[in-house]
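Read through the structures below before going on.
Next come two complexes built around subunit A: one with subunit B, the other with subunit C.
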Partner chain A sequence: MSEAIVITSGKGGVGKTTACANLGVALASMGYKVVLVDADIGLRNLDVVLGLENRIVYDLVDVVEGSCRLRQALIKDKRIDGLFLLPAAQTRDKTAVNPEQMEELIERLKEDHDYVLVDSPAGIEQGFRNAISGTDRALIVTTPEVSAVRDADRIIGMLESLELSDPALIVNRIKPKMVAKGDMMDISDIMDILAISLIGVVPEDEYIVISTNRGEPAALAANNSKAGQAFRNIARRISGEDVPFMDLSDTENWWSKIANFFRAK
Partner chain B sequence: MFDFFKLFKRKEKSKEVAHDRLKLVLMQDRLAITPQTMENMKDAIIVAISEFVEIDEQALEFDWEDTDRNKVLVASIPIRSVKRGASQAGGTTKH
Partner chain C sequence: MAEKPDLLFRGTKNGLHLVLNGTKDFNVLKAKLKEHLNRADKFFQGADVTLDIGDAEFSLDQILELQQILATPHGLHLKKIVSGRDESKREGRRHRESGDATDRSVLGGTETEYRVRNQVTEGAFVYKGTLRSGQRISHDGDVVVVGDVNPGAEVTAGGDIIVMGSLRGLAHAGTAGAKEAVVVAFNLKPTQIRIGSAIGRPPEGDVGSREGPEVARLKDGVIVIEPLDESRWEGDW
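Take a look at the complex of A and B:
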């Protein structure tokens, strides 16, 4: 059975595209057939994060408008078996497609992929509505900052009213040293406020910058960066495995807080 | 002068400040209620109740309580005395 998952956030720049690319790579490495859909029309990015920008011929809007066939627009990643990208249009804007067209597109993609991951634009406007159309579940990305968590709460509320229930949270860019000093909110602070389930914690990692420069996602098997490992763990949780949360801290303190949080649940 | 007690006064961690600010701002977001609306609501409740009982306005307390994603308004209203003929009072007001 296949599943369509939208990766979204309220605030921009929190790591949706990074998460989408890495989760796609990780799920495909596990043997699943995966298609990544860039729904950020007019601001396409997923192609460069994946290093596939030079291979784009057709895009999502071409498919929706019938200017090409779906198969023609899908770019196959040559590094990993079973990974495909449907790029966004760059010269159009979010009004070029509507939620009904997106829903139909996602349905078609689900027919021959195990996972359809949709990279959503930030915010609560039409682009977001397009991105969530036809998806079965939502992953919400936030950073441990007041503004990002606040905006995540808005999105959770909207998803509830749109009946995309049970979203899960990815907390990105955690800095264990700052958490240990009490200068960054920790996971329990955030979870206590948002009251949804947690699917992953990704540390701030310079390797993300390096891998994005190269167009080689950190989750590619060949490297052992902490962020890459964190994304691989999230991918396994998506597929239903029960994977323990990794210890990001060098201090006992922080870890025991997380452990306590889960014990309390 | 050397302030001995300063030694023990703990400065609040910035993450605690962040957490508290978030809680407050989300309460307002989720309710979609402005602080001004809150005040107006409080006044309206006082007026409504005062028709029946004499209350101690100074000691009045309003609070929100969390139940998962829902909010419960909890009002603590100290009553000085019940007004004479309170049970009929409602009938005399215009509707």
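Take a look at the complex of A and C:
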């Protein structure tokens, strides 16, 4: 029953790596065995966000080229049971791996893990094609900006033609106050264009920046940041639970609007 | 009966699927193909291409010419050629499973197939689904989209364009110079509309949203937009 999920976007810097790390932490905290695959070869940073950078010996390219065994390259997170990272190579470029090799790698990882989460590079070039290879499902991350939504649309079109059907959307960095003032696209504006299912909304949260710098993802159970909570909810939805949308009643009626949007669907 | 567009690109697991309407003039097709490849930035670089020539039969020289256009400067490899009208068999993968047509090798190599079937069709091209950013339909006749045309998507038609959904991208009707061509959408909010050589943009700023289907057409050389029900439009449909 294991599932490989790619986390991707059209525009860069919208929060894929952040989402991947946090969803990995959240799913592992729920008791699943999870491996995070950094497919952003040449620009790795999932290890940094997870605080595992100094433990890297082997990487994804080493595994694919047979320079080490898969098990040797997997880094086990010491904070949460069942969370592993397969780091990207920093000194190689994306042509070091091809889609067929990625597909085989993902298959092997699925044998031992409940979830394989693949952190994709942004855009539509070879790195993207590598990242989606072998995955069962895609999560698209966008911010509520016209350009990011446009690029997300493009990626969705490509995924559809690549037969990776039924992608779900994460809207990241939404600012309730700006939405309320009409200065930011709201969820229904975005859904109107993208017309795919919404799996979560993550607010702009300073804690993400702090936690990223510390290498301690916000979804670690010990803290109760809003973004961390949002990622934990998305993780539960990934696992098939029907989680109602956050009602953070201290932040205006904006959240209830989102909740209504979901109910209306 | 639905006709094919002149040219349609689709990505598939097995690379790029390129549909050419072989009933069209070869030089026109070549020009369109070059234009599309130039637009497609570098995404297609190095991809394998399955060429679907639909109803027509190309000469070996023509095939080689197409192969050349794909290869330089775009680095695409023509891997397979299919023809035949049946939509369900267009897909390279599915195609290989069906063995009901005359297959013969044109380019040599095991992957190359060439299916011959002659059947001329005519009418509008109907696209079902959302046309997303970066996707483009180009067709000499009328085009009907049963779905939305998103910002960044383009529809080009020799005749009319009818969008049974929201038109938010670019629509160019009457490319062949038909001044009576129209663009109709249930919700008309295009980034740009062109009819023949006239170009219309929505007015600057938020004009408040008008509800209901609208039609854009040429009036004294200028594109005007009117509610569909009120327009005293004497089209032939």
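As a working rule, the second predicted complex is superposed on the first by the 251 of 265 C-alpha atoms of A that agree within 3 Å, B and C clash if a C-alpha of one lies under 4 Å from a C-alpha of the other, contacts with A are read in each partner's own complex, and residues count from 1 in each chain.
Here, contacts are C-beta pairs under 8 Å (C-beta built on N, C-alpha and C of every residue); 3 or more make two chains touch, one makes a residue touch a chain.
All of these numbers come straight from a predicted model, not from anything done at the bench.
Taken together in the superposed arrangement on subunit A, subunit B and subunit C clash.
Looking at the shared chain after the overlay, A:161 reaches subunit C, while subunit B stays out of its contact range. By the document's definition of touching, of the two partners only subunit B reaches A:185; subunit C does not.
Contact with both subunit B and subunit C is seen for A:153 once the two complexes are overlaid on the shared chain. Contact with neither subunit B nor subunit C is seen for A:206 once the two complexes are overlaid on the shared chain. In the superposition on chain A, A:195 makes contact with both subunit B and subunit C.
Looking at the shared chain after the overlay, A:242 reaches neither subunit B nor subunit C.
Two complexes overlaid on chain A leave one subunit C stretch from 26-34, 44-52 or 170-178 clashing with subunit B, and it is 170-178. On subunit A, the surface touched by subunit B in one complex and the surface touched by subunit C in the other have residues 146, 150, 153-154, 157, 193, 195 in common.
Contacts from subunit A toward subunit C in the complex involve residues 124-126, 146, 150-151, 153-154, 156-158, 160-163, 192-193, 195.
For subunit A in complex with subunit B, the residues that touch the partner chain are 145-146, 149-150, 153-154, 157, 179, 181-186, 189, 193, 195. By the touch criterion given at the top, residues 10-13, 42-43, 45-46, 129-135, 148, 150-152, 166, 168 of subunit C touch subunit A in their complex.
Subunit B meets subunit A in the complex at residues 13-16, 18-19, 21-23, 25-26, 29-30, 68-69.
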